Amino acid sequence: MLSIPAYIIVALVLFCIGTIGVLITRNIIILFMSIELMLNAANLVLIAFSRALNLMDGHAFVFLVLTVAAAEAAVGLAMVITLYRNRETINIDRFNILKW
Amino acid sequence: MSEYLFLVPLLPFIGFLINGLLLGRLPRPVVSFIACASVGLSFVIALLLFFDLKAMPADMRLIEQTLFTWIPAGSFHANIAYMLDPLSAVMILVVSGVGFVIHIYSVGYMHHDPCFGRYFTYMNLFTFAMLTLVLADNFLLMFVGWEGVGLCSYLLIGFWYEKKSAADAGKKAFIVNRIGDFGFLIGMFIIFWQIGSLDFQTVMAEAPHVFIAGGGLITAVCLLLFMGATGKSAQIPLFVWLPDAMEGPTPVSALIHAATMVTAGVYMIVRTNVLYMMAPDAMLVVAIIGVATAFFAATIGLAQNDIKRVLAYSTVSQLGYMFLACGVGAFTAGIFHLMTHAFFKALLFLGAGSVIHGMSNEQDMRYMGGLKKYMPITFWTMLIATLAISGIPGFSGFFSKDEILWKSFSSQFGHPVFWVLGVITAGLTAFYMFRLINMTFFGKGRMDDKTRKHLHEAPRSMTVPLIVLAVLSVVGGYVGLPHVFFGATNYFEHWMAPVLSGGQAASHALASGGGDTGTELGLMAASVLLVLIAIYFAYLLYNKSPERATSLREKLSGMHKMIVNKYYVDEIYGATIVRPLVYFSLFLWKVVDVVVIDGFINGLAGAYSDVSGYLRTSQTGRVRSYATVFVVGVVIVTAYFLFG
Amino acid sequence: MIDTVIFFVSAVIAVGSAVMMISQRNPVLSVLYFIVSLLAQAVLYVQLGALFLGAVLIIVYSGAILVLFLFVIMLLNLRGTEDLGPTGPAVSRASKYLVSVLLLVELVFVIKASFFSAVPVGIVDVAPSEFGSVESVAELLFSNYLYPFELTSILLLAAIVGAVVMAGRLRDTHQEEGETETPTTDVQIKEEV
Amino acid sequence: MENQILTLVTFFPLLGVILLMFVPREKTETIKVLALVMSVVTMLLSFWMYGMFDPLANGMQFDVNTPWISSLGINYHLGIDGISLLLILLTTILTPLAILASWKSIRTAIKGYYISMLLLEVGMVGVFCSLDLFMFYVFWEVMLVPMYFLIGLWGGPRRIYAAIKFVLFTMFGSLLMLVAIMYILFEYQKYSGVFSFDMLKILGELPLGHQQQLWLFGAFALAFAIKVPMFPFHTWLPDAHVEAPTAGSVILAGVLLKMGTYGFIRICLPLFPDATITFLPWICVLSLIGIVYGALVAMVQKDVKSLVAFSSVSHMGFIMLGMFALNLEGLEGSVIQMINHGISTGALFLLVGMLYERRHTRLIEDFGGIAKVMPLYSAIFMIVTLSSIGLPLTNGFVGEFLILLGVFKSNTVYGIIATSGVILSACYMLWMYQRVIYGKITKPENEKLTDLDWREKAILIPLVLLIFWIGIYPKPFLDRMEPAVKQVLAQVSRASTVEAEQAAPLNSMLETPQTEPETVTYNADGDSHE
């Protein structure tokens, strides 16, 4: 006996922890990981619903999301490296050229 | 002959155009010939028209001529139309006659002046404007002449524009005239508003039906028109410009500020006598201001040292007499005095001109004296004029002034107080006139010897006009002999009667006032006696023992200082009107315009940029703060959907 | 009964490690915590019948992507000792927590409002036999979702090229030293941190 | 050809602009001559139009009405009556004079200068003859752009501030006007089912409720009041004038100010009669303030141009007051005064410009004793000063007298206050004239000033002749505008009587004396010939 809302609530909690992670941390790597966490929380919701509705589309969707997450992580990390190379720091607040 | 009426004003205008357009190119003799010829010719035509008019039966004496419609605006039709009736006949004779004489005189007087052409251009323009004023057949055309003469007096007073005082005097004259014109304009509007037309004929005919006699509106109209008259003829509130107008060349003072322009106010009141007869309290105001101005100006005249200023105040005073005459209903006497005054006052001014000419532009009487032997003709002609103005029997001044005094005593609107003040003023007039004669012509010369060497009699072209005017100022009086003298018929009164026929009520009132000749003779004797005493005093103080005059002056020093400084009238006007007006406009400009309105707008712009400045700080450049804003947005949106 | 216990344990582990992940100074530790959280999530996947995806999550995601993270951290030689500058003002940190919690509360409300009322299925019994199996996912992927599937391959290609170009070694600056092309990317790492 | 004359007059300068494009920049002489020729030809065309104008016909003449954007009901609808004829003449006379005046004073970007001058003329003539609200608005904006460049590029030191202020003021007003036009459009669509911007149709058919009229009148009145300028909105005028080049100020004062008053006569009065009567006291009071305020502030100005600018505020106050006397004399006076103000203030700015060209300063105290050095200049300056004071036999008097007469008939109190303006105008003009022209030569630079050369004479003589012509024989102008003025009065007296009781002192105005024309059935002959 599975109570779907419980799983969704767990996913939401994970999602919000991811949000907190994005807002609080000043380390770019952790920022990325928090975003990845939020992504996974979303996947969890998808799977919970596909289970609730007995549809496999949720799974297909999660599969695609994972590939996108992978691509995004790769490019993101490449950027981190270039950023680090220019500024020798990974503190995100240093990169504020857009400041008025 | 009547179709040449329009030529009378037109000729000086043509003279003006020729001299004006070819200003620098005409040789002097040609310029002076054109100027004098045009005025002379118009005088001849005026004379012919006068005889035409005389030939007509008494009550139909009217020549009319309409040239073209000037402003056709719906119900309002103003056209350029000239009208000649006995009143304007007298006026054009005086204007063109005296004008012609003065033109001849000024040829000599202005001989050495560089702007010779410009002077005669303005003089011709003035004559045109004055003739238009006098010949106009409706209020609007009269107003055209009215402002035209105002303009010419501005130009001629400020003729030597390099002198700041002259330019100021010109400006002052124009603005004070404009204040008068303000009243005149509003009077005209009320007339048009009520009667619907501005032509004299219709206005005089309709007035009794439209206005209620003695009512508020008619009094307002008369007072407003009188305000215009005071502006132009320099009466109490608005007389300040005339003494300063002496900055202009002397012939100008003679023509404009003695003989013609200043009398325009009197002419206007006589022209609209029908209206005035319907508003007795307006007449009272006119009389009061007239006699007050006469007395007030005479007192100031006592202590003036500049020869022309004495004459200026004497003009103001004599004008006061004329307004007194109009005020008490004796319009004929007013016009008669206007005519005689034109003659002897022009003569006085021209005489003063030749004195100044001889004294190489020295105007202060304290440096004159003993000129009798150097300038015999000027002396004798001025003596005649002085006798005339003081009202010595046998001279024109006596007849006209005495007529006014008698009417002010006896007429229906008159009052003994007017007579008393009038007689005292006559005395004062005699005193300051003879003071002038004694100080300039008698006693020992007080001028430095450089000017003494230059002393010479004026050239023929200046003395002939003096003689002509002297003859006129003697003969002029006999035209209007009061019938109290061995029953002589008063030609002038008969001549003027039709013009006043409009106010029938008025004319018979005048006649009844005739009353017993005994009192008239008695009053006449009293005034002559007072005049003789004044003459003796003047002789005593300024001829026999000048030191007594100085001692008298110390005793009355307070009063004397008051008079010398003209009761500080100019300073009072300056402080109460001019300076506050300037400060108020400065306030308006600096505060209202710049601070309030511009401040508001620039403030708006400033506020706008401040707000945008504040909003700009939200762009911190830090990615995390943007992320926070994202999340806040999401929260708000979900909240809206949840609870909205 | 056993399911709910497993569910609770793995849920707690997932949330706990997630919290530990974001609060670490040392990035390596945070990656490891993240892997633990993923494993717990995989258990949840399995409980929800997504066997194949659970496996994919463990093998592909935490195995490959997070290792990549580790690799980059090692590459940049981050020991968590870098000075990350002063932490922002307390009020802004607090407001950030508040906002996230608020978001959580709202989402819970959303779920409560929509789920219990709209979708009748609250509690479900056992899933049909090959519900989460590879065949069903693959069969779906290659029928309805063929285009997205192909597109993701292009996406991956683009990502690879992008990553290489961006993080590739700085050829132009070293050309003048005449160095031979070294296959490995030599990143100028400053020794002192 | 006859009925196309209006299109010709309006767009001929545009042809000039196109030709100017082809002339290379450095050939300044040819640019100048071409621009002058173009504007003079436009003037001749407008004289020809004046000749063909039938003074007695009611309604619009030379009517051209072809659908332009029929889906929105916008027609290319041109037509003029007496009032717009005279204003077009004023424009086409002033522009060549302005171009001639800027022969030597403009040295930078000459080609752009003359292009914007000709564009300006297109905009102005267009406004005066367009009978389609949309086209009216388009020309209104077209006129704004070149004026902005004239002030902004070739102006004095503070030109940017002045140009921006000028544009923002006018733009603010014209946006409100656009909203009002849109409202009318939809109101008409609701009423008649079809979109139409045509003024004459809207005038004839559209019944507007009292409340609607109030708002619409308010919007239009604000736009025109800023342009006039009336009292509180006038602060852009002195800045614009002080900073504008000579020709710019001549056109700005000569014609652009008349846009506001023309707008009132063409749109506000006829279309919203009820609102006109309700707003009447306000506008009269504002224009009275304008008269006295303008005159007083003009008295204390240090710069001749800003003095003349404030005198324009005062004169325009007269014009507005005359217009809102709502009787024949007042309205005719205000229209003729518009022409006079254009001529005398235009001439004043030309004169000041000539002094500026010689001395490069406009401060009054820098001058003095000019009469000695430049006699002809001083004589012309005197004539123009007298015309702006309103001395009889000059044009100023005719206008001022009629206005005062009209105002007096409609409201005696306003009349008396307005007449005081006569004194104030004499004060500041003569005081300025004396400080600039009379007196001794105080500054050495003033000694070697040269008198007018032939070019400057060619500019001033026509204006002086016009001053005396209108002063002595204004009959032709008054006759030509009479039918148009009667038309406007007929439309205004359409106002429902309920309003009349409310405005008690003005009831004498409503029953104008016996010359009220027979009830002019509004022959909307301006109907587009579908």
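Note that the chains are named A, B, C and D in the order they appear, and that numbering of residues resets to 1 at the start of each chain.
To be clear about the criterion, contacts are C-beta pairs under 8 Å (C-beta built on N, C-alpha and C of every residue); 3 or more make two chains touch, one makes a residue touch a chain.
Keep in mind it's a predicted model, so treat the numbers as computed, not measured.
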Pair with more cross-chain C-beta pairs in contact, given B-D and B-C: B-D
For chain B paired with chain D, centre-to-centre distance based on mean C-alpha positions, whole Å: 38
Separation of mean Cα positions, chain C and chain B [Å, integer]: 106
Computed distance of Cα centres, chain D from chain A, in Å: 69
Between chain D and chain C, distance of the C-alpha-averaged centres to the nearest whole Å: 74
Where chain A touches two or more other chains at once, by residue number: 19, 23, 26, 93
Where chain C touches two or more other chains, by residue: 96, 99-100, 103, 107
Junction residues of chain B - those touching two or more other chains: 628, 631
Chains touching one another, given as label pairs in label order: A-B, A-C, B-C, B-D
For the chain C and chain B complex, residues of the former touching the latter: 92, 95-96, 99-100, 102-103, 106-107, 109-110, 113
In the complex, chain B residues that touch chain D: 23, 68-76, 140, 143-144, 147-148, 151, 154, 158, 161-162, 164, 167-168, 170-171, 174-175, 178-179, 181-182, 185-186, 189-190, 192-193, 196, 581-582, 584-586, 588-589, 592-593, 597-598, 601
Residue ranges of chain C in contact with chain A within the complex: 3-4, 7, 11, 14-15, 18-19, 21-22, 24-25, 27, 30-31, 34, 37-38, 41, 44-45, 47-50, 52-53, 56-57, 60-61, 64-65, 68-69, 72-73, 75-76, 78, 82, 84-85, 87, 93, 96-97, 99-101, 103-104, 107-108, 111-112, 115-116, 119, 121-125, 127-128, 131-132, 136-137, 139-141, 144-145, 148-149, 152, 155-156, 158-160, 162-164, 166-167, 170, 187-188, 190
Residue ranges of chain B in contact with chain C within the complex: 625, 628, 631-632, 634-635, 638-639, 642
Touching residues (chain side chain A, partner chain C) in the complex: 1-10, 12-21, 23-27, 29-30, 32-34, 36-37, 40, 43-44, 47-48, 50-54, 56-64, 66-75, 77-82, 84-85, 88-91, 93-94
